[in-house]
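Note that chain A is present in both complexes that follow, paired respectively with chain B and with chain C.
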Partner chain A sequence: MIPLLVALPLLFAFLLVLVDILVRSRRYKARLTPALYLLGSLLPWSVLLASCRDMPLDEMVGGWTRAGGIEVALDGYSFYFILGTVILFSAVSLYTIGRFRAGKEYSVILLMEAGVLGAFISRDLFNYYIYMEIASVSAFVLTALSDEKGAKKAAFRYLIFSLTASYLFIFALGIIYLKTGYLNLELVRQNAVPSKEISTAVGIAFSALLLKAGIFPLHFWLPDAHSKASTPASALLSGVVVKVSVYGMILLLYALPVTAALRRALLIVAFASIFAGIVGALSQRNAKRLLAYSTVSQLGYILLGISSGSIYGAIYYSFAHMLFKGGLFLGIGSLADAQGTKNLDELSYRGSRGATATVVLLSLALTGTAPFVGAYGKKLILAHLTGIGSFLFYTAALGTMAYAVKLNYHLAAPGRRGSIRTAVPLTLAALTLAFGLYLNPVLNPMDWLLLILALGMFLTLRKTLSGLKPFSFRPAEEFGREINMHMTIFFLFVLGMMLIQRLQ
Partner chain B sequence: MKMSLVVRTTTKLMSPFLVAYAAYLMIYGQMSPGGGFQAGVILAVSVILLVVSHGYRSVKKRFRLKEVGAIEGISALGLVLIGITGIIFGGFFYNFLRGYWSGGTIPLFNIGVGLKVGAAFVMVFYIMLRWVESD
Partner chain C sequence: MIEAELAGIIIMLIGFYGLMSKRNLIKIVLSINIVSIGLVLFFVGMGYREGASAPIMPREIVADPLPAALMLTTLVVDVAITALALTIILRMRREAA
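After this line comes the complex of A and B, so read on.
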């Protein structure tokens, strides 16, 4: 049953391509395409609802043995990822309906859904890799399809770095296969003995996934790709595609011996990513770039959960991030599309009550305030931190609130007007509240205290902040040279991770 | 861009044999080295050779872009449908033809993958050439 989650979107993606080629009449095509697209993106719900009652489920595809087949599972590790993916894809499909010209764009979104769901259900490292690639390739295409200036360049940069990381990842999988003889997660776990080769593989695989997740020193492709893609595409990229690598890290951590030294290094990288993302977001003038830097920072929180041993914290926070960041990109993206600008000084949600409610609710969810969905994940992560870690965690929460306040401060000022449809992002905002009440129905006065503190801090520092130059990490002006520099950073990072994992 | 008569004649002679070899690899993929992907690449090469020697314009009259796209879509659809049919018999991708002939559903998958890969490679080549020849 579980593989149907992947098969159904895939089936409809291919049907859409065929309809695009074979159906001559334009009228039939205009009717068939949206119907097939909606079916493809909504049908995974039926599989999910039918099978979520008998969780945890575990299945060998095609009835093969565990050593030779592909294992898929729907359990505590993967359920919330899949739920978030299906929710966000349904929202995006309802949002995009009728907005694209050709059937091909729709079919790329369905392919991405199949790839992401396939990665989230897999318990086999190679199968995970394949589906991650399907999702990434659709992501490159969706980024490149955007009409905005510079989108092609951003897509090219994304492609180069993401594919390099993929090749390093498959190289690491090769080493793991060589040493253990298996690719199945459970069998790798039973057969992996700490050795130099396995250490190297773990270091390489982790750094490849860190690049694909857009964690700080390796985030250089993310702000451009996520902010220049079209509105639904950036919601999917920021909401779902980066989570695929988070799931991969969880799989690696489950199956392979990861040393304490590497965990500590990941913890430092996580904090670096949180604060770099905050600084980046605070200095941006472009609304979508602010959200993209916020993704870098939020992915840092998720990595914090993974490295401090709070796997479930990371999973719940990923789920929360899928909902609120997808919603924010849809909401602010539709605002930007309607008003024809992305500049924070000109954008305004004053004219529309729906947009105001959406952005305010989702900003509260972004800060992880208590009745909203992010609070539960943050609570779980915080429980695993001690001493300076929890101090830094609260400082980071303050910073997150500061840029959320900044976003709302600028949007609440009078600016351009334009009619927008906010039904879909508003639903996502309501869902963040509903899931927050379901998971963790308590109020935390600390959050509100921090929020008031952040508000005060922002209002006093407003002048200095608006004088800041938009932070961007660009070592060279020329495009090719810049890619070379970033590639050097990436390889130095890989070497560092390999050496750190070897320390005992 | 047309090449000399020698090249054109040789590629015309070669192409049918390449197709036959691709078909062999597809059909016997489950028992001998080979399989869908390799067969598909060889199938694509048979068309690509013609494109290189005769030029895109004359080849696309015989192998139309739309037909190539249709082959690609139909074979991909077939692959997913065979996988889904297995659910009736016991599980996704279950080999429900095991025992009827050698390999059960595996030759069907090889044929599907071969056609899909072949059509996709030809399509990639067509689209790049369309872009090159337009300027």
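After this line comes the complex of A and C, so read on.
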């Protein structure tokens, strides 16, 4: 039953390509394409609803033994990832209907859905890699399909780094297979004994997934790729694709012994990512780049959950981030498409009540304010932090609120006008509130206090902030040279993660 | 004689050297391919056993078939991504011109 979750979008992606090539009549094509697309992206709901009552579910595909087959599961670890994915893909599919020219773009989105769902259900490390790769390849294609200037370059950079990280990840899997004799998660867990080789493999695998998740020192590909892709594509890239790597980290943490030194290093990287993302977001003038830097910062929070041992905090926060960041990219993206600019000084949501409600609600969700969905994950993560950790956590919350205020401050000012459809992002905004009330129906006065503090801070520092240059790190002018430099940073990071575990 | 696993790792390192030092975008794609070839050699070497035969008609000692099967999948991914990377380079040149 569970594999159908993947098989359905995959089948309809294939049918879409067939229709695109074989059906000559333009009229039939125009009717068939949206119908197949909607079926492909909405049918996983039926599988999810039919099987969620019997959770936790565990299945060997094809009925093989555990040692010889591929295991898939739908349980506490994967359910919220899958729910968020299916919600966001349904939203995006309703949003994109009629917007693309060719059937191929629709089919790439369905392929991405199949890849992401396949990665989220798998309990086999190699199977996870294969589906992650399907999702990544679709992400490269969607980025490259955008018409914006520089999108091809962004796609190339994304492809090269993501691919290098994948090879390092498989290399690490090879070492794990060599030492334990299995790739099945449960069997690896039973057979893994702490050793030098295993800790090296874990270090390499974590570095590779950190790059694919766009965590701070390895985030260089993310702002361009996420801001230059088309509106629905950036919602999917930022909402779903980076979460696949998060799920991978959770699998690694479950199956393999992770040394205390590595956990500490990940904690430091998480805080660095949170603050670097905040600084990046505060200095941007381009609305979508601001959201992209915000993703770097928010993934820092998720990594914080993983490294501090609050796995469920990380899972709930990932789910929250899927909903609100997907919604924000759809809402602000459609605003930018309608008004023909991404510049915060010119963009404005004044003309449209729907857009105002969407962006304000989703910004509140982004800050993790209490009745919204992000609050529950943050609460779980905060419970695992002590001393300086919780102090930094509150400082980070203040910074997050500051850039959310900045976004709304600029958008509330009068600017261009243009009619937009906001039904889909507004629904996502309502869902962030609904799930927030379902998971954690309390009000936290601390959040609102911090929000007022952030508002005051932003208004006093407004002048200084607007004088800030958009923060971006370009080590070299030439594109090839820039890739070399970033590659060097990546390999040094991998080496660091391997060697840090020798220091005890 | 050098072991296949070690040779694979050395070839991967050569690929990494290319990624860190070559400016030409096509050479960067080729460097990635070198990394992948090293990886395939590493895996196939992992399944090798002294004096073993192919696991088709099982005899006493057979080589481990799983790494080879995994690499078959990885090779498919390689081909697809290399084609995509080269296409994007072509499009980038068209955009620049």
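Criterion: the second predicted complex is superposed on the first by the 501 of 504 C-alpha atoms of A that agree within 3 Å, B and C clash if a C-alpha of one lies under 4 Å from a C-alpha of the other, contacts with A are read in each partner's own complex, and residues count from 1 in each chain.
Note that contacts are C-beta pairs under 8 Å (C-beta built on N, C-alpha and C of every residue); 3 or more make two chains touch, one makes a residue touch a chain.
In this text, all values refer to a predicted model and were calculated from it rather than measured experimentally.
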Combined model on chain A where chain B meets chain C, clash or fit
fit
Angle chain B-chain A-chain C between C-alpha centres, in steps of 10 degrees?
40
A:A365 in the overlay: touching chain B, chain C, both, or neither? Say first, second, both or neither.
neither
Name the contact category of A:V269: first (chain B only), second (chain C only), both, or neither.
neither
Comparison of chain B and chain C by chain A residues contacted:
C
Report for A:P3: first if it touches chain B alone, second if chain C alone, otherwise both or neither.
first
Figure out whether A:I332 sits in contact with chain B (first) or chain C (second), or with both, or with neither.
neither
Can A:V61 be said to touch chain B (first), chain C (second), both, or neither?
first
Quick check on the superposed pair: does A:L15 touch chain B, chain C, both, or neither? Answer first, second, both or neither.
first
Kindly classify A:F140 by the partners it touches after superposition: chain B alone (first), chain C alone (second), both, or neither?
second
Could you state the shortest Cα distance, in Å, between chain B and chain C after the structures are superposed?
5
Report the residues of chain B in contact with chain A in the complex, numbered from low to high.
66, 69-70, 72-74, 76-77, 80-81, 83-84, 86-87, 90-95
Chain C-facing residues of chain A, complex:
126, 130, 133, 137, 140-141, 144, 149, 152-153, 155-156, 159-160, 163-164, 166-167, 170-171, 174, 177-178, 478-481, 483-484, 487-488, 491
Sort out for me which residues of chain A touch chain B in the complex.
1-4, 7, 10-11, 14-15, 17-18, 21-22, 59-63
Hey, which residues of chain C end up touching chain A in the complex?
12, 16, 19-25, 28-29, 32, 35-36, 39, 42-43, 46, 66-67, 70, 73-74, 77, 80-81, 84-85, 87-89, 91-92, 95
